[in-house]
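Here the structure comes first, spelled out in structure tokens, and everything after it is commentary.
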């Protein structure tokens, strides 16, 4: 949010962007659009009472998940907080399992046990989806630890919000990351607010939040999130530093959310002005800007862009149908997935009482 | 510990030192000596099996507590970790109640309930004595909050070790201190080790630990702890900033402990060389250096210095006698001091069961 | 004369009255001021009392709760909101060591007059990490007090007692009760305070004692209706209200009358308030029991998200009726 | 053939064998490597296994435990020492949310094969913040397993089972047992593993069941001697060993035989393992009980420092004998 008026460099020419094929560039656009369409559908059915709990929308921030995760190879892992749908879809989870999870159905990615904040796909190197602010930051460190322990050249991307930087566990993680030289890239998705609290009211800092990394002798950078090319260019540097040198980095990506903290946030338009929101939508929307960009580059036309958008909306609509028609978990399902040993009915599971219900 | 070879300035002339009377200067020496003699006596009787648990000695670090606390006025409060005897004696607790606490006697400052790590004297603005590493750091913040809330011109001095800086609660405290503009001075007593772990093996940092303050847009400084004049001069600046501007500071005072982490630390001479310890004793001991200094200034003679030392040793010996002769707590005492309301037998204490013993 | 207030309004009224009574009372927490509270319990208080008395904090529970504890040692009386009580997990050290033990370790020189409050319950589809039910956990620490109201009047009376208490009181609310309504005495008729440690017999019966706290009390009352109407079973429904101090006399008295007990508790089955109450009953009314004490607790797994089955994981009237029928 | 080992050596031998068996096993914690462990449990392991397998961490429990949990999701098997279990308070979120709930919230996609271990007990004069007794606390979280050995052989057998278990196991030791000795089978005779969930009847009797875990088992055995010799009372002494999973069958079997039970538990009186066991007994052996179940717990106050009375705050043989005499 802070860098909107900083002098703008063109990152299209950076090697990691230049090396993309036209299809790959269009795919970035497609991914961002899919995320947005998925969430728009979710919003609609949340408001229709089809889901419970919280729904934290990512709309406005799509370039962050899509840009950074597009850089991942087979040994790169990632983990985030509760605003986790974009990361899920970008790593390759399908809309059906994600929408069904929101609907609390047993076909959901977490069988309806996790809900909106808890999407996971370990087979796609995606470790969730976590609800306690900054609670995932030591886990992200652990992924990096595991990679280094196993001698794999890869890195861990660990996302958190601008409000999460003031949790103790995050700071402990930064120190350990630097001290142990672990291949983790922390990415602050700075959307300017933690619920109704502006960044200025929650954090004391000098130039920016990422600069706190200096205290741990760690590299850092700030990224304009409205430009997916910039997101990729700068994140790539950090990821390479992690993979090749086992050195962590703290990145701060300036971005914005258009909706409230969660859909239940009745104050969404009270703690920020309608003008501020409108300005972002008009001038900084990562999808709109990238669409223009690709049209200029001759890789998209208005028609092909619209077709992508339409296809994504259709896919989202189909996922709603899938979710609606899926079965709910049963009462018996409540008691599974607690212990690995009992789920697999191992010898260990036969011994002693594991569950305590009168 | 790091700044031992930094160019040495003379802080005798700084206003806060110049303003001292000769008696006040001699009193600083006296206080440091009293702390050391008290702990030497404690060590002797710990080794004789008169106390239980841990005994964390402060020997070598005396200039820190004595120098900083000598700056305190009626509205200045302080709090520290488990290495807490020096702070206790310096704020004016007497040796008897302190020694009796070590002996686990009911005449102890905490009635034998707290032990070595838990000395308190709220009437002297001293809030302990805390055993969980960095657990006291939010409390120190709270003292500052209370002062500001009540409109008092004062500050909170909150001490912690070099190993404690990597606890989350401390970082949360730094952010809040800067954000809320609270009159707290955090003082890292950097003795180079957290138990057997050198500072380098526990913390990643750029120049020094205190520099982490920059990430919170907070002032900081590093102080050579072997010179009590420097301790006073630089701490005074931070305290005035707190009192007058409600701005926090992070100070790091380089110092050294001669004994193990606690007396039970069997490895005390394994993780550091005998030469290193000897060097500190010979060249950096704050008491020896200040004694020389005061003799040079004509405020002490060898004889008067020895007399001070002798008086302190006698006082410590008398406190041992007091402790030995004091009664132990009774079994009934175990159950008091749990709730204010039951201790005062208020109407609230009459209602409902407070204690659960079959 | 009494008015009908929601549970939320009743707590707010209690806070407001205590803010007026004692200038040392300060409300702190995430989003409690300008945002009016995540669950709107503190709505309007910032507008009325301003920045000094109603304080927004960063998302640093260990930091701000520890700060409140430290300030309380100097005489400030912080009433701190955990947006969810479940977030106690990141501030546990401050909650169970600094708040609970400092008085003891100082030989009684210090006391910590704080109140911690916020929602603590399952049932609102927010999943495992947000649905901890920590009343038994904190009640197990001597030095702490815990209370869990079930009605608007109790909520108001108890929050006022909590704020005046000179020991740390952990006050647990249920999100699903915030919108429920009930009669609350008019402030014009005098200060309305309910002491900690006093249970409330919310229904009189003779055949079995249903002992509960928090939202489970409402389930117990509903179950009691069904049991009376459909099975002719007459239930005492005892609302503990306060967990520590605990009204053991009321528990024993009820069981001595009915000779049977079912305990309803949103905790998981290993432990919980109900395990403790069960032990106390059998210890103190052994010869009066005609059947084993049974419990209805949350099905023993982390809290499930799915709104389709979440209510079945929790105690509910149907499960209570079924359990009662096994022993009555 | 068995050898006599100390409790400390037995755990170390178990760790060493598992380090050899599985290259994914890593030992982490404060001072566990170069310093050889604050209580010397890991002595010599760093010298033998080196930096990769034995890792010193900063004093950042939330950070390094969370790191271990994250690494375990990728197949590393961290065995993490808390220098004192009491320091769980600064890592509580990682321990009860990330370790206990991630499997559930992911619908079973993830498991967290970590072991947390370290001393958890009162009795060594370190005061209130260092003497928490958290076995019941953690056992109340479904998803976690908890065990508390009392003898060197049990300690070795159980730590090996814990490391091989694919769920998080919290292993609690007692500092005051580290130096105690006992027979431990020779490794040459084969892999010695004791499954979680199996209690051990450490003494056979007929008049009353003494049910305990950890160091309290030794007190119960001592009390049983006195009761036999001085009062002619014959005691079953059942060592639970594992708290979750819990050997309920063994508990019920013993009580059905003796018809009386005294539970010994270092927890404070509100809650604890003993409150749960009490409830289970009365629920499942109601008709067999000839007297109320009684408990011997730590006197209900924060842990006192004074070595002169600390032992009286804890369960001890004298207090057990006295309690037994009230019901036998």
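To keep things simple, chains are lettered A, B, C and D as they appear, and every chain counts its residues starting from 1.
Here is the rule we go by: a residue touches a chain if its C-beta (ideal position, glycine included) is under 8 Å from a C-beta of that chain, and two chains touch if they have at least 3 such contacts.
What you are looking at is a predicted structure, and each value in this text was computed from that prediction instead of being measured.
Annotation: B-C is the more contact-rich of the chain pairs B-D and B-C, by number of C-beta pairs in contact. Most remote from chain B, judged by the distance between CA-atom centroids, is A. We define each chain's centre as the mean of its Cα atoms; on that basis chain C and chain D are separated by 31 Å. Distance from the chain B centre to the chain D centre is 36 Å, each centre being the mean of its Cα atoms.
If you average the Cα atoms of chain A and of chain D, the two centres end up 40 Å apart. Residue positions of chain D with contacts to 2 or more other chains are 58, 60, 62-63, 89-90, 93, 97, 104-105, 127-129, 142-143, 244, 268, 270, 276, 283, 294-295, 300-302, 304-305.
Shown for chain A are the residues in touch with two or more other chains, namely 110, 112-114, 118, 130, 132, 135, 166-169, 172, 175-176, 179, 201-203, 336-338, 355-356, 358.
Those residues of chain C whose C-beta lies close enough to touch chain B in the complex are 26, 52, 57-58, 60, 62-76, 93-94, 97-98, 102-111, 113, 142-143, 145, 161, 165-167, 195-198, 242, 244-248, 276, 283. Residue ranges of chain B in contact with chain A, taken from their complex: 166-172, 175-176, 178-179, 201-206, 211-218. Chain contact summary for the complex, chain C toward chain A: residues 30-31, 34-36, 38, 56, 58-60, 62-63, 87, 89-90, 124-130, 268-270, 294-297, 299-302, 304-310, 312-313, 323. For chain A in complex with chain C, the residues that touch the partner chain are 51-54, 104-106, 110, 112-115, 117-118, 130-135, 163-164, 166-169, 194-197, 201-203, 267, 271, 328-331, 333-338, 355-358.
Within the complex formed with chain C, the chain D residues making contact are 62, 88-90, 92-93, 96-97, 100-101, 104-105, 127-129, 132, 136-137, 139-143, 244, 267-268, 270-272, 274-276, 278-279, 282-284, 286, 289, 291-295, 300-302, 304-305.
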